[in-house]
Amino acid sequence: MITLYLLGAASVVLTLLGFFVPARVTRWVAVGSVGATLAYLFFTWGQEQTAFGGLYVVDSVSQGFTMVALLGVLWALILGRTEKWEFPLLLVYAATGMHFMASSPNLPVLLVALEVFSLPLYVLATWRRDERGFEAGLKYFLLGALSAAIFLYGIALHFGATGSFNAGAEGSGPLYVTALLLILGALAFKVSLVPFHWWTPDVYQGSPTTVSLMMATAVKAAGFAALVRVLDVQDQGLWGLGLGALIALTVVFGNLGALAQRESKRLLAYSSIAHAGYVGLGLFSGTGAPAIGFYLLAYALSTGLAFAVLAAVSQGDVPYERLRGLLYRKPVLGVAMGIGLLSLAGLPPFAGFWGKLLVFLEAARAQQWGLLVLALLTSAVAAYYYLRLFNLLIDRRQEAREEGGAPVAAGLAGTPVLSGQGAGGLSLATGRSSTATLVVAAALVVLLGILPGWGYRLFSPVPFAALSQAAAQPAALPATFAITSPSDGAELRADEFSLQGTGNAGETLEVYDNGTKLADVTVGENGGWSLTLPSLPAPGEHTYQVRRPGESEGPSVRVKILE
Amino acid sequence: MNYDALMHVGLFLPLLAGIALLIWPSLGRTFAVAAAGVTFLLAAWLFAGAQGEGAGYASQTLLLEPIQMYYALGLDGVGLMLWLAVSFTTLLAVYIAQVPIRMLGWALLMETGLLGIFAAADLVLFYVFFEATLIPALLMLGLYGGRERLKAAYTFALFTLVGSLPMLAAVFAVRYLGGAPSFLHADLAANPVSGAAATWVFLGFLVAFAVKTPLFPLHAWLPSFHAENHPSGLADAMGTLYKVGLFAFFKWAIPLAPEGFAQFQGLLLLLAAFGAIYAAWLAFAARDWKRLLAYGGVSHMGLGALGLFSGHADGVTGALFLLAASMVYTGGLFLVVGRIAERTETLEIGPVRGIAKSAPALSVLTMFLVMAMIGLPGLSGFPGEFMALLGAWKASPWLTFVAFTAVIAAAAYALTAYQALFQESPNRTVPDLTPREWVFGVAVVASTLLVGLYPKMFTELIHPVSEALAKLLGGGA
Amino acid sequence: MQETILLPLIILLPLLGFAVLGLWGKRMQEPTPGIVASALVLGSFVLGVVLLAQGGARWGLEDWLPGIPLSFALDNLSGLMVMIVAGIGFLIHVYAIGYMHGDAGFSRFFSYFNLFIAAMLVLVLGDSLPVVFVGWEGVGLASYLLIGFWYADRVNGDSARKAFIVNRIGDLGFLLGMGVLWANFGTLSISELREAIAPEGELAVGLNNAALALAAFLLFVGAIGKSAQVPLMVWLPDAMAGPTPVSALIHAATMVTAGVYLLCRNSFLYFDLPDVSFWIVLIGMITAVYGALCAFGQTDIKRIVAYSTLSQLGFMFVAAGVGAYWVAMFHVMTHAFFKALLFMSSGSVIHALGGEQDVRKMGGMWNYLPQTRIHGLVGALALGGLPLLSGFWSKDAILAYSYEYSPVVWFVMLLVAAMTALYSMRWFVLVFLGKYRGHEHPHESPSVMTWPNHVLTLGSLFAGFVGLPYVIQYKNFLEPWLNKVIVHHEHEKLPVLEEWTLILVSAAVAVGALYYGYRFFQAEAAGRLPAWFVRFQEASLRSFYADDVYNALIVKPLKSVAKILFDADNGVLTGFQWLGSVTGTLGGLLARLETGYLRFYAAGLLVAAVLLILVGVIR
Amino acid sequence: MSFAELLAAALLLLSALVVVRASNAVHAALALIANFLVIAGVYVGLEARFVAMTQIIVYAGAIVVLFLFVIMLLSAAQANVGKDMLPGLQVPAVVGALGLAGVLTYAVTRFTAPPNPGTLGGGLPQALGPLLYSPEKWLYALLVVGFLLLVATIAAVVLVEPERIVPEKVIKSASEELKEMVER
Amino acid sequence: MSWLVVSALLFAIGAYGVLSRRTAILVFLSIELMLNAANLALIAFAKQWGSLDAQVVTLFVIAIAAAEVAVGLGLIVAIFRRRETTGIDELRGLKG
């Protein structure tokens, strides 16, 4: 609850404070309050709590994903130096909205929370008040409204099918499936899975780099928090195929599209689409939440590094030429960008690799081999365009000539060159504080790369023992057990007669003869079991059935016993 | 004596030294040589320690609990030998190469990666080191390479990355289809994958390790990697150490999916044999020393691969011994070529002739290493090649014949190049060996001679391990 | 056969010489390196003889390579070779002190010389095949270093490289032979192989004959490479580019006979394989004929002797082929004496004429070089097979055994013996008789060069008497001594009458050919040769175009294919890059989907939603 | 479906089509108001009287009026301004809409009414009130909606705020930049 | 029960409106129409399920619509002031 109060109070105080104190103070108050919330979250880790009749839930998903969201917002706050005090205010509003979204299993609340953090984003997108800013804002707004409408209709149908507004409600039949898929579509829009991703490249490129940073990191975290809750439904069959198609398209489009890009912000937009696809892989197995959380944290830090460096180069477009030889001109920026790119590419010593590994493991655990191979192939393609950017950094050839004639270095130092910038426009993120964030983030990426255990523990809900035990037994496959011999309809003499069959290793099953329980049998290590009948069966028709303890039906075999 | 602690220190010492060098290059070369030297001493100490019970060391601590992944290191006979080879060659490289100090830092970073590859006893940890070593190698090529270095960097990085991604899929498949409780080598080997899955798993490993052996079609990145690297030969020597394909096949691919290996054995033998003769043939037409050595290396590894894939104990021992030995002398040759390039300002074979007249010691040193490379008996090249031949013959006589014609081709291309540079009527005078180069020369010559004349101290350790592998494949001793 | 550390000492002495002279040779004055080297070789000779007298020795180290021991053994066969190598080696070392006088690389020469002796001793004393192979390639290396000793000019460098590469082809055969034996018998130590293959002198029953034949043939390929038999003979004539002591030691006495030694050492393998033996005889014959024919046309004094070595090696292989292994070793011994003598006397002549090697610019040495002329005469006569000289006895024994094998072989070899006599006389006449055609003022060589020749002359004269044919009551020492070690078929004696006729026939042929040669080649000295012979000599000079054929058929195509493959290789690379560009263009197409129109996006969104629901509901 | 309901449904669909097809923006807005009024009537029929009231007052009264105001402000009466850059989009639009309608009707008609529905009590404020304000029920949601409205107002203000005159300091450095550019 | 079908049709018509209209305001109007369709469905289901929760949610939806309109029209006005047009096809700076 405290996080809720902290964020709420901060928003309200900031709204009023803005009129009395200069913009710089509001910015630091905002940074202070978000930082405090983050610290609080960190220290009260693992304390589960539900309030407001189940509408506000504080569990590992909420804490983890809120942390990632707040991280993104905090980073944007520090980088965004501007004269107008509303900028930090809107960011805090967005942060609060994201917390609402991450910590509520109730669908209408999710919808409202979605709106709460989208509205400031629409405005922030147009912050630079230039041609492209407004275009980005409008596109994001209209498509956002459209997806909200779809979300709402999904909620209505969901209510129709299940009678409840809670995310994880069980249901079946076409109405429920349509509802679920509509909701999935709306949330897919938010996290930019492919058929719903249209807005991402244009909006990331149009809005100021600091805001794009926030979008790439925080918005994705909030979106996936909601997705994790919505898709927590037991029977995966309902939405499995739909999500699989989305992810396959996302992974292919995101990576291949990125190959043809000429401008680094738009490239990072495509890369964020691709990464959304990889995260989606984790949704299939029931225990995917911690893996997704860790991936998002690693992704947020890495892509944050990339965006932060771009923010230091220019708030507008950053064509490749501007980055050539950055390592030699601005070593700190170069190294930070390098680490970010390598981590995004998923190279081991950095956090990105562990994120990918964990998510792919979840996919492997859910037997999604097709998607897994596709993801791996496309991440090879991804490695190419990250490497192309990386090679630009270390390219020693002549320095890039910025269009304004002033070499990039000079552009970094002075205030923004007059290019239709409103007085309140965002200045470049070259202050001491923003370079500090770069160093901290880079350190975190490397630290998580070396000790992924800590990062993962941040997101895992169940106390460790239970989880590792869950992971130990090979695969929590949907129950497949059967009787293999004797075959159905066989005629056997009474004496040479025993039952064999298959099941999950280490599981106990009950064997019934014509409805009466004969004996319990435990499945061996190689997934097979056998039972020699205690009492010789009476001649005549017998139906042998094997069931899971506590269930009423299971596969059965009809056998005729001769004299 | 707590050897495990030594192992951990030995593994991460170069990393720390490397980072220190990157941040404060003013520490200078002596610091780098000291770090590499201590690592070598540790490796030697570990090696000596293991002589007794021959078991080696193992230590594991949980790194990522939910997926049962351990930070597990295990050094058996093979690992110890390769540790010795890697640390010795790095010491030589760092001691002799005239390079910007920061590049030494990258080399030390790479050394940790390599030591990690050979010591990792957890599949995911192995994958981490396998990929992590790519970064320093890529940076050394990208930052300090020649004109076409970016293109070479692309090809090198992409070959490795695209190669190792199917391996990641194989890592998952091995764990989840094999039913092993953790990623530890012992558990994974205890329940290998069987049936159709084994083929796919092995294919995954095959692609990644073929790039690193390098086997025929996937060797395309090697010539440009070596040709474009820093002329001093440091990056090339480290690159030679990075050819871990054979070891990786031996330790991870074959034990984890023996049935998969059985299916691919024919193809692999063919590729190895073809690679050996093809690369030797290309070396004949190479116009500069680095490409020649690169192709020579590929041909050598082809012979080793033939031995390993034969599935017989002596073939496997031969392959591993050849791997370790070739690290020392091929690395040494690259460094010597670096010294020659510094004297004659060119790596081409041809323009400069007859420098033996003015630099006799240099010519003797180069002659020695060239002879080691073409497998002259009595030097460290021969035992490995010979054992590989004995094993390979049992697997397939014809392929062995084809592959080992590369031994003849080796004599041809190596001596032609040697003669062109050292022997004809001199058109230049170059300074002879400096004291530092003398020390380097003596070290390389002594080690090659010792290992060549008395291979028993290594084969004794390797043979039991390769016999176990042979038994696993039903190949017999 | 006692286990003693002294045995490896025989090898270590010259090895020590190689190391010491190699590192500190430069600091010693002119003759000391030569003296040190010769002393060490003498030391190992004495040690060898002592150990041999004590009934041989053995020394072994288990598991040098897994399953392969590092073991040395000195028995009668290797004892004989040790005596030849160390004995004649010592003499040639002494001779070289004189010959190499004033050369810049004096110490370097003697260090390489000692390396050669050490390698040859390893080859000879090795008891397991890989150890023999170490020696085998060791001598290859030493011959490479010594042929290319004066590496300054390109010709020497090329011929050294050629020698090494052709040897390597033979070595590959040796390697593969070892592979076969290892695959079938699991061991490579010669004594164990002997137990496995021929326990009591007969072939063990139930052996895989095909594998045995393959192993034997492959080892024979190794022998062909090392002993310069027909397919791989091109390197021996070019090896004359090295200094004369090198030619004398390596390309006459020791290295080239290693092939014959290998066959005799592994006689348990060959003695019962008729088809492999047939091949050995065939190749031996062809080489003998080819060598003899080429010797006629040569103009370089050393190349005449080189081709004669080629021919004599043919003889030895025929002897081994027909099963008379001890005779082959007998011919190796006698040949070592008179061939070394011939080379060293040629060396003295070259030394006397200040480096002149062309026989057409020599002649009339008879009256300038008092001692060398005797050496030359005895050498030529021994080579020619003058009865009672060593050459005659060993060659006659070979002819006798080949007669039993098949009269055709005997007849051909008789012809070759005649030709040998002819070209040996040609050599003698062109060098020593007639008047001096050059314009140097020849002077006799110093005593350090002539004394070794004196010893060799004695050897050439009396070496034959250790193995006289049975008909001559004089006891034959060599046959029983060697047959204790060599596995061979019991050889039933020819009837006395036939034996005598054979001896007389070969004696007559030899004397006739010698005399005719003496007369015939006076004309060449005066330049009045019959036209057909001159044309024959041109072809023979080019050694019947063997080199050109090899270059055209093998070397050139290999080089051009290498060039093509080299360019094709980065074809493989561009193949992969093309793949990259394809994905690039595909990416371009996908990126163009982002048309920028908001309504297009909205349409995409809704259509996607509809499809998603359809997929979900229908399934 | 009684006659009145059929009539209401027809009216709804008709007015919706007008909103979508009208060439004049004002007509579209007015049609939307009509649509909302009819829906309010339907709500009353479905025992949701309070919602019907809010629909009329807030939705029809405030929101659409705001639309009308903005249309007037921007004098953007004529609906389809500018050249149609994507003429080809008509086909997917129609097909998409029909597809959507088909799928949704299919899904909706699969609805099976639950066995024991609760009583609505005419959807009067007396029933809705406790639901809305009791912490156990929807209070939290209400708070969040309140917060949303706060955000909306601030966002709207920021969007349409004119360029504020900026304190002295900033302008000077901008001009320096200009001078510097000129010299270089 | 038929109200559900009507709401579905209304939703589809709204969707058609979004795709065919070429000015921002009218696109936004169609989205409002879609929102209303959803509201209608909610109320219809409330009637079937007999639960008042759905009606509470409808109220929230109206509030959301209000908030959206506020920001949306603000954005459209701001764009109009900058580009003198409300046509959405002209705004095509970002693509590729």
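Of note:
To keep things simple, chains are lettered A, B, C, D and E as they appear, and every chain counts its residues starting from 1.
We adopt the following convention: contacts are C-beta pairs under 8 Å (C-beta built on N, C-alpha and C of every residue); 3 or more make two chains touch, one makes a residue touch a chain.
These figures come from a predicted structure and were not determined experimentally.
Chains that touch both subunit A and subunit B are the following: C.
Between subunit B and subunit E, the least number of touch steps comes to 2.
Of all chains shown, B has the CA centroid lying nearest to the centroid of every protein CA atom. Chain pair with the most C-beta contact pairs: D-E. With centres computed as the average of Cα coordinates, no chain lies farther from subunit D than C. One finds 75 Å separating the Cα centroids of subunit A and subunit C. Centre-to-centre separation of subunit C and subunit D, using mean CA positions: 101 Å.
Chain centres here are Cα means. That of subunit B falls 68 Å from that of subunit D. With centres defined as mean CA coordinates, subunit E is found 97 Å away from subunit C. Residues of subunit E found to touch two or more other chains are 4, 7, 11, 14-15, 18-19, 22, 27-28, 39, 41, 45, 48-49, 51, 53, 57, 60, 64, 67-68, 71, 75-76, 78, 88-89, 91-96. Taken residue by residue, subunit B touches two or more other chains at 158, whereas all remaining positions touch fewer. Counting partner chains per residue, subunit A shows two or more touched chains at residues 108, 112, 115, 119, 122-123, 126, 138-139, 142, 146, 153, 157, 160, 163, 174, 177-178, 201-202, 260-261, 384.
Chains touching one another form the pairs A-B, A-C, A-D, A-E, B-C, C-D, C-E, D-E.
Against subunit D, in their complex, subunit A makes its touches with residues 8, 11, 15, 51-53, 55-56, 83-84, 86, 89-90, 93, 96-97, 100, 104, 106, 108-109, 112-113, 115-116, 119-120, 122-123, 126, 153, 157, 160-161, 163, 173-175, 177-179, 404-406, 414-415, 417-418, 422-424.
Of all the residues in subunit B, the ones that touch subunit C in their complex are 155, 158-159, 217, 220-221, 223-224, 278, 281-282, 284-286, 313-314, 317, 354, 356-357, 371, 376-378, 382-383, 386-387, 389-390, 392-394, 397, 400-401, 404-405, 407-408, 411-412, 415-416, 419, 422-426, 454-456, 459-460, 463, 477.
Residues of subunit A touching subunit E in their complex: 108, 111-112, 115, 119, 122-123, 126, 129, 131-132, 134-139, 141-142, 145-146, 148-149, 152-153, 155-157, 159-160, 163, 165, 201-202, 205-206, 260-262, 266.
Within the complex formed with subunit B, the subunit C residues making contact are 61, 63-67, 130, 133-134, 136-138, 141, 144, 148, 151-154, 157-158, 161, 164-165, 168-169, 171-172, 175-176, 178-180, 182-183, 186, 558-559, 561-563, 565-566, 569-570, 572-573, 575-577, 580. By the touch criterion given at the top, residues 62-68, 124, 127-132, 134-135, 139, 142-143, 150, 153-154, 157-158, 161-162, 165-166, 168-169, 172-173, 175-176, 179, 181 of subunit B touch subunit A in their complex.
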